[in-house]
Structure formats: structure tokens, C-alpha cells
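Per-chain residue numbering starts at 1, and chain names A, B, C and D are given in the order in which the chains are listed.
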Amino acid sequence: MAWISKNWAMTGIIKGFIVTLKHIFHIGNRPIVTVQYPYEKMKLAPRFRGRHSVDQDACIGCGICESNCPNGTIRIVKYNGRWFPEFNLGMCLFCGLCMDACPMNAIKMDGGYELADYSRESLVYGPDRILFKKEVNK
Amino acid sequence: METDELLINMGPVHPSTHGVLRFKLIMDGEIIRDCKVVMGYLHRGTEKLAEMKTYLQFIPYTDRLDYIAAMPNNYAYVRAVEELAGIEAPLRAEYIRVLTMELNRITNHLVFMGSLLLDLGASTPIMYGFREREKALQLYEMLCGARMTFSYMRVGGVREDLPEGFIPRLNEFIKDMEMRIVDYEQLINDNEIFLLRMKNIGVISAEEAINYGMTGPSLRGSGVNYDIRKLEPYSIYPDLDFKACVRKECDSYARYLVRIDEMKESLHILKQIADTIPAGEIITTQKYGIAPVTGAPTSVMPYFPRIFTPPEGEVYTRIEAPKGELGFYVVSDGTTKPYRVKIRSPSFCNLVAIPKMVVGLKIPDLIAAFGTIDVVLGDVDR
Amino acid sequence: MNAAEELKQAMPAAVVSTGMQLNKPLAIIQKEELLKVAEKVKEMGFDNLSVITGIDYRDRFEVIYNFFSYKKKENLVLKIILDHEAPAVDSLVSLWKVADWLERETYDLVGIKFTGHPNLTRILLPNGWNGHPLRKDYDMETEQFVTMGEDGEDIVSTDGSNLLRRK
Amino acid sequence: MIANAYELIVNILTAIGIYEPVYGFFQSFGLEYLLRIIIVVVEIVVLLVFVLLSVMFLSWLERKMFGWVQSRYGPMVTGPHGLFQPIADGIKLVGKEDIIPASADRWIFTLAPFIIFVPALLVFVPLPFGDTLILSDLRMGLIYIIAISALSPVSILLAGWASNNKYSLMGAMRAVAQDISYTIPLALAAIAVVLYVGSLSTVDIVRAQEGTWFGIIPRWFIFMQPLAFILFLIASIAEMGRIPFDFQESEQELVAGFFTEYSGMKFAMYFLGEYAHLFAVSGVVVTIFLGGWTGPVLSPIPVQITSLVYFIIKTYAVILFAMWLRDTVPRVRIDQLLNLGWKIMIPLALLNLLVTSFLLTARVI
């Protein structure tokens, strides 16, 4: 109880009140920082590692990404007569080793982050969903 | 009157066990008579996984140990392998590594502060902490493309160079952070209720703390002037000006203050790095004689050998992670995969002291003491 | 003179050989003498037991203790070689409390028995788990399932057919 | 002289000239009491709707306040600035499965949520919302309020016991310990005011606070009894069970305390009860210490409306303070709270009572 006689004025709590009050009225660079997510999205950094996409002209189906993947996410499958990787994103660590290992720089990881789905099967992204064609500037 | 002891299973699903930890408490009313810690609910067999991955492939797994501060995990592992193979990273890479690690120390302590105060019932500080952490995470996203699980370090360097405009944004962050820390201190440090909850709670003396294997800020809160960055300097820490933050009170409040001080020290380090970071390579060329591929279509990807075999040997390296001493014992048998990786995780060893601290106290004190130990269950269970 | 050689001088019978593990002094010691050596090591000022590592080398087990001294700021590595059949070594719980969990972990994952440990039970894996995962001969094919029993204790079984699992 | 809302309604009906014919209509059947019942029921319904709307608004306000303090927006999506969020929550909670644990005492488990809601509503009976806007001006109104609000731990104890959960039981025990130790300083602080007024009636207490000193300072008891006000405020926050004194729930320690096992509509009842209690207790604080409905009279507007506005403004000021406090401070520990109650607040309240009665006897005030 000696404690209370020392701290009866509760100055610490009052200081705290002032801090929260400053936030309520946005005094001195204390603005609202959150965004209304589904309606308003934050800008991703250019290096952001999201869903994979594969340049269909560059990919040679060599399987180096498959052997480099730590988790067995990648499988090389046949698609339209050529070999392409297939990503099981349910297992993916998004570490970017496949992107780094690709000798043709065909794999990119810029495909966004809203990857929730209803079944495990739909998390397997086959070539039909990940291939893109690089636009050539003439 | 006859009374009975009550067994309470606190966890594995409980709001304040920071994950899936379980305390088996024998209670006498509100007082804890015995405390047993049950863990393993998040055990993923990381050490076994390491034996089946190549040295490079294991790096993403180290992210998942202490996912609040993943960069030091990356670094500790990479450094162990580098020592094993006798590789040295270029100076710029070391600067970038220390930069990211100190930034991670700040984010870790912000989460610590927030979750501790949330455990004590104040819900505002965690939002403030996450507000600033978000800015740091955006820096990480800018740097390596991920926000928490970076897998950024590589044996012999780092994965990507600093992007354009990184240092100015870092300076902005430092300036912002300095103002915010003042806010935290005003909001929390002198709060009488906070003091009531923290002072003389979870007391552990210096000798006991050492005996119980506590490390890091938790040990420095017990008055042991110990910081691996100072005692066994690694990377560029000898060139940097900083001090180990020590408090002598041995209680929860001291452990909290140490971390707030450390945030300031880390900011100080970041400032020095932002001013003095040298130009140069970001990944070593000494071992393999292969220059990074420059001018490749995506020039952010330095070349690294896919198959990497360090010589036979074993090594134990440790670094000062935000939570304490993080060590990797790596044994190589000369193949492409490590023979054995042992992870000495700070959370696991700091947790040993919890039963000692809390017996005789009450459940709210257990939560306060446990909060100041700063445990991440990914790190405890591995 | 480094700490390992100092140790050898003090207890020549117990220390088999000394050397360096990169930059840390290393002493390989007799397993019977571990407790005495550890006491001596603690006397020498190595107050921090950093980590206990158990390694399965197929023909032998090695247990490695990493020590650090806060006063002298030195490292010391102790190594014990155990035979592969029934690996057992003295527990250090009486000297370092942290050894309690580190030894339990080593027991759990590598399967080395620490005699004299007050509560040598599994720590990361549930009680009743078959095998020690970090042994090289660990059977990784058999799936093991953990359920919670009536009294809250874990029950391990290899039969997962009655578990609620989405195929 | 109009004493309460019933007479007010009768007066209004008389003024617009429909009371007499309607009364005559009922009288022709010999059913005068039916009219009285109808009027009382209308009053109760108006009060209930008002309380429920306030509760909804309060739960919205609480989240908004949290948001503002924490650099967030708070609810924004449902309706303008998320104003309809409580309705969406209500629909969600009603739609949830109503789980009763297998080993729970089903009857008590179901009964407990209703028991907490009833006292929270009964407190409103002698609470003057404005000049004459009072259901019933009980002569022992203050004692009634304290007695009724002391009922809520009964419900909490029932809920905690019936849930058959250790956390619930501990929460319930804490709630009871807390309530016992805080009802005493609450009552003692209020008695200091009662001594001065000489009446337990809430209306008399408010009337005693009309007027000003020197034309500026209102004659509120907060200025005459500052110590009693602080004690009463702390004790009532403890009674409400809000941070820093929310031991009955103490989310981080006891998961959710006594309503750990509750879900769906029963959970919603606790939610409603909590906010109704918040509003009621804030109203009591305003009535006793902050002058109730008193304030400058603006002559063309009926005094009932201005007084209602004054009362609501003051009540929301107290509520906002409680929310602000909740946003700022952590929770104290249960034994520290009991220490504060028994060792500091009760002696201080007694001292305050002693000094007040001494001064009153000496006719200084």
C-alpha cells in the first residue's frame, strides 16, 4: 500500500490517456493507416513472391525447378504437346528457389496472393492456369 | 474446511499461450502450485527434414522456425554452412544481412510488446506495434518479395540487392519509429497498472537464469551483461557502435524494458548502416569462381551453384537472435545434404525457466512472465 | 593453452583427446567420467550449457555438449562417443537445469538414454511414439496418428482408418 | 405537479383531448384498469426499444472508439460507417448453433443469460431520463439501483457453475468476489450524497443539483463530493466488469470467463446485458454526481426534451470515458483489485462519509 501513496496521482495512466487522445483526433502524424481490404488493395512491391506464372515461350520443361523445389511442389506435366511445370500451391513455401534456379528465367512469381480455395485439387495450378505469353514490343 | 487442488489445462488452445503450448497447472484456488509445460503440437520435424534437403533447399525451412523474426534464422543457418565451407560473404552482403536482421529485431520486439500488453488486457499497443511492423514488412517485401518467410540469405551472400529507393524509405521508417517509441513509452512504461502487473513478477536471479539456460533479452533483464554480438562478434558488428541493454531488476518489467531499449539500439545500428553501406558484390565469387550473372533478363537473380558440397566437418555457430541465442549445429559428411542439423532455439531454452518463475504466483502472473519470455511456438517445437 | 587442454591436464584419465572444432576447443571424453568432467568444467567457469546434440553415425552415437563461459568468454565443446546398441550417458540435470529439456529432447529425437534424469520422457513427440526420428534407421514409411484419449493424454496408433480425414 | 412518465402521458393525452373519450370508452365496460395497463405497457415498450437501440449503438460506438484509438476505421462496411454492424452481428448470433455442453446443467445453463439481462433492465425503472421522464420515482430508488445491480453476480455464478468448465467457474468466483468488494464502496460513496440530499429518491437527488454557484459552476455533487465521485466511478466500472476490472471474462486468462461455453443467442444475451448495464450504470453516475437532467432551460422547447438531451449527453460522456479507459490501460490482477477495494476504497469512502456527516451536522454545507 506504500505503492499507492506514491502513485496516487496516476500520472502514468494520464500520460497514456493523452497518447490515445492524440490518436483519436489524429494529432501530429497519427493518421488512420488501415485500408478497407476487399475494396481497396495495397500496392504490391515489384519483387513480391505470389502465385507462379510461366512464360510459355521461354520454358523448356527441363525440370530443374522440379529438382530444386524443397517441398515437391512442382511436377512436370505434358500440355499441348510440350512439357511444363505444374504447381501444387497447397504445398508451396513461396521460397522462390524455382524462380532462381530456372535457367531460362521463365518462372515468375507475381501472380497475386488471393489463393484461398475450396478444395485441395483446385490448389494444383496446371499449365492451363499459369502460362502466359510475353508481349513482344515491336 | 477441506479444499482440493484443481488441475487446469491451459492450452493448447488458449488466447495467451502464443500458439499451441500447453501448461498443466495444479491450482490451489488462484495460486499455481505446480506447472508443467507440454509442447510438441507444432512439431514439424525440421531437423529431420534438413537431412533430406540440400543445403540450399533447407533455407526456406529455417524461416518457419521463428516466423516472427525469420531473418536471423536464415542468417544463423547460412553462417553455419559458410563457416563449415570456409566461405566469406562480401562486405556489402554482410551490411545488408545486418540491416535486415536488426530490422527484424525491431519487428520482433514490436510484436513482443503488443502481444505482452494484449495478454495483460490492453488491446491498443498491439495495434500500434503492428502499424509500425507493417512498415518494416513493406520494406522486406520491397527487398525480397516476402513479408515474413523471407528465405533471403544465401550461402555466401544474399539473394537480391537492395532495390532502388530502399535506403530513403528505411530512413523514413527510422524517423517514424523514433517518434513512435516515445508514444509507446508514454502509453505503457509508466502506466501504474502495468507496473503493478510487471514489477516483481517472474523474478529470476542472474545465476539461476544462466543455469536455466536463458539467453538474449530475457537474460539481460536479469542483469547479465551478455550479448553475442559483443562477446563473439560476427559479421560487421565489431564496426558498429551499439551497446548491450542490461537491466538489473530480474523481473518481468526489466525484461520488457530491455526490449524497448534494444529497439532504440537497433534503430541506432540501422542509422549507421544506412549511412555507411558500401557498394560491391552481394554474393561471393571466391569459392566457385563464377561471377553473378549480370544483365540477365531478371537481373535480381544472382547465380548460385545448385549443388553445393561443403567439406566434411561439424560446426556450431550461434548468433544473437531477437529472442536469444540461436545456434545451428551442422554436421557435413561431404555430400550435398547435411548429415545432421541441430537447432538450438532460444524460445525452447528460455521456456525451461517458466515453471521455476511462476510456482506460487497466479494465472495472470504466469501470463505476464510467459509474455516477457517472448516465445514463438514454431521455434519451441521446431 | 585452451580450455580443452586445461581440462586434459586436470583430468588426464577422463579426456581421450583434445583438438579444435573450427575455432572452439574440443575435448573427447570417456562417457563414464562425464559427470566428473562436467563438474570440473563448471568449476572452470563454463556456466552456460548452450546445447546438447546427439548424432547417429550408424555405427556409433555421439553426444556433443557446447559450453560457454560468461566470465571468461570462452567456448568449450565436449564430445562423448557411445556405442550404437544401448546408448546411455549420465545426466547433467544436477548441474545445469537447462539440461533437463535438452536431454529430454535428445532422448526423444535421437534415443539416447540419460541415466539419472528425473523425468526422461518424450518432449516434442507424444508419449508412445514408435522410434526416434533423428536416427538414421528411423522408419519413415509407417504413418503414425495421434489422437486424444479420454483423460487428455495422447494416444499413438498406426491405424488412421477411423480418423476424420478428408481424402 | 407531474411526477412520472405515466402522469406525463396522461397529461399529454388530456391536453390534446383524447384521454377523456378513451377513458370513458373503457369506463363503459368497467375496464379502467385496462387503460392504465396499456399506458404502462407502452412506457415499458418505449423504454425497451430505447435500451436496445442504445445497446446496439453502444456496441457500434465501442468498436468505432477502438478503431479511432488504434489508427483504424472500425466497422465501415454495413451501412454508413458500419452503423448497422450490430444488426448484422445480431442476425449472425441468432443464426449460430446453440451449443449446450453435455455435462452442463441444462436448465440453469439456459436460465442464466436471462437472469443477467433482467437486472440490467430493472435498473432503468427509477432512472430519471429527464424531467418527469421516469418510469417510477421510487422513494428508495438509490438503494433499489444498488440492490438490483448487485444481482448480476448471481447470474454469473449460475452460468459459471452450470457450464461445468473450470475457467467458467473461476470467472464466476472472481465475479462474486469482485462484486462483493465493490458494492460496499459504491453504496458508501452514494450515501454521502444521500446524507446531503436527505432522500433516496433519484428525482430528489437530481433536483438538489439544480442551480449554480456564482452563476457559473453548476451545483453538481461532483464538485461537492469529488472523492465520492472518484470512488463511485471506479466502483461502478468494476461493477460493469470492464477493463481494467473485467475479471469475470478476462479473456487472456480465462478464455472468456463465465461465458466460455455460451454460443448463439445466449451469448448475445450476455452481450446485450453487458452494454445495457454499461448504459444503466453510466446513467446512475450522471444522476448522482453529474446533475442528472439539469442544465440551462431553453424556454420555447419543452423541458422534457432539453432535459432528455442533457441526460443523454452526460451519460455518453461517462460511457466514452469508460471506453477510453478500456482502450488505454491493461487489466489489474484479481488480488490487487480486491486489495484496492478493501484496503483503500472502503476506508476512503468511510472517511468521506465521516467528514460529510460532520460538516452536515455542523451545518457548514
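Keep this in mind: a residue touches a chain if its C-beta (ideal position, glycine included) is under 8 Å from a C-beta of that chain, and two chains touch if they have at least 3 such contacts.
Predicted model, so just to flag it, every value in this text is computed and none were measured.
Farthest from chain C in terms of Cα centroid separation is D.
When the interfaces A-D and B-C are ranked by how many C-beta pairs touch across them, B-C comes first.
Rounded to a whole number, the gap between the C-alpha centres of chain A and chain D is 48 angstrom. If you average the Cα atoms of chain A and of chain C, the two centres end up 39 Å apart.
Separating the centre of chain C from that of chain D, both taken as means of CA atoms, is a distance of 61 Å.
Distance between chain B and chain C, defined via averaged C-alpha coordinates, is recorded as 24 Å. The set of chain D residues touching two or more other chains comprises 69-72, 327-329. Residue positions of chain C in touch with at least two other chains are not found. Contact with two or more other chains is made by residues 124, 131, 187, 191, 193-194, 196 of chain B. Of all possible chain pairings, those that touch are A-B, A-D, B-C, B-D. Residues 66, 69-72, 166-167, 170, 243-244, 246, 250-255, 327-336 of chain D touch chain B in their complex. Of all the residues in chain A, the ones that touch chain D in their complex are 1, 4, 13, 16-17, 19-21, 23-24, 30-34, 36. Listing the residues of chain B that touch chain C in their complex gives 9, 39-40, 43, 45, 47-48, 51, 83, 207-208, 210-213, 215, 224, 226, 231-232, 313-316, 318, 325, 327, 329, 331, 339-340, 342, 344, 348-349, 351-353, 356, 381-382. Across the interface of their complex, chain A is touched by residues 53, 56-61, 63, 124, 131, 134, 138, 141-146, 149, 151, 159-160, 163, 176, 179, 183, 186-196, 296-298, 300-301, 304, 306 of chain B.
Listing the residues of chain D that touch chain A in their complex gives 65, 67-73, 76-77, 324, 327-329, 339-340, 343-344.
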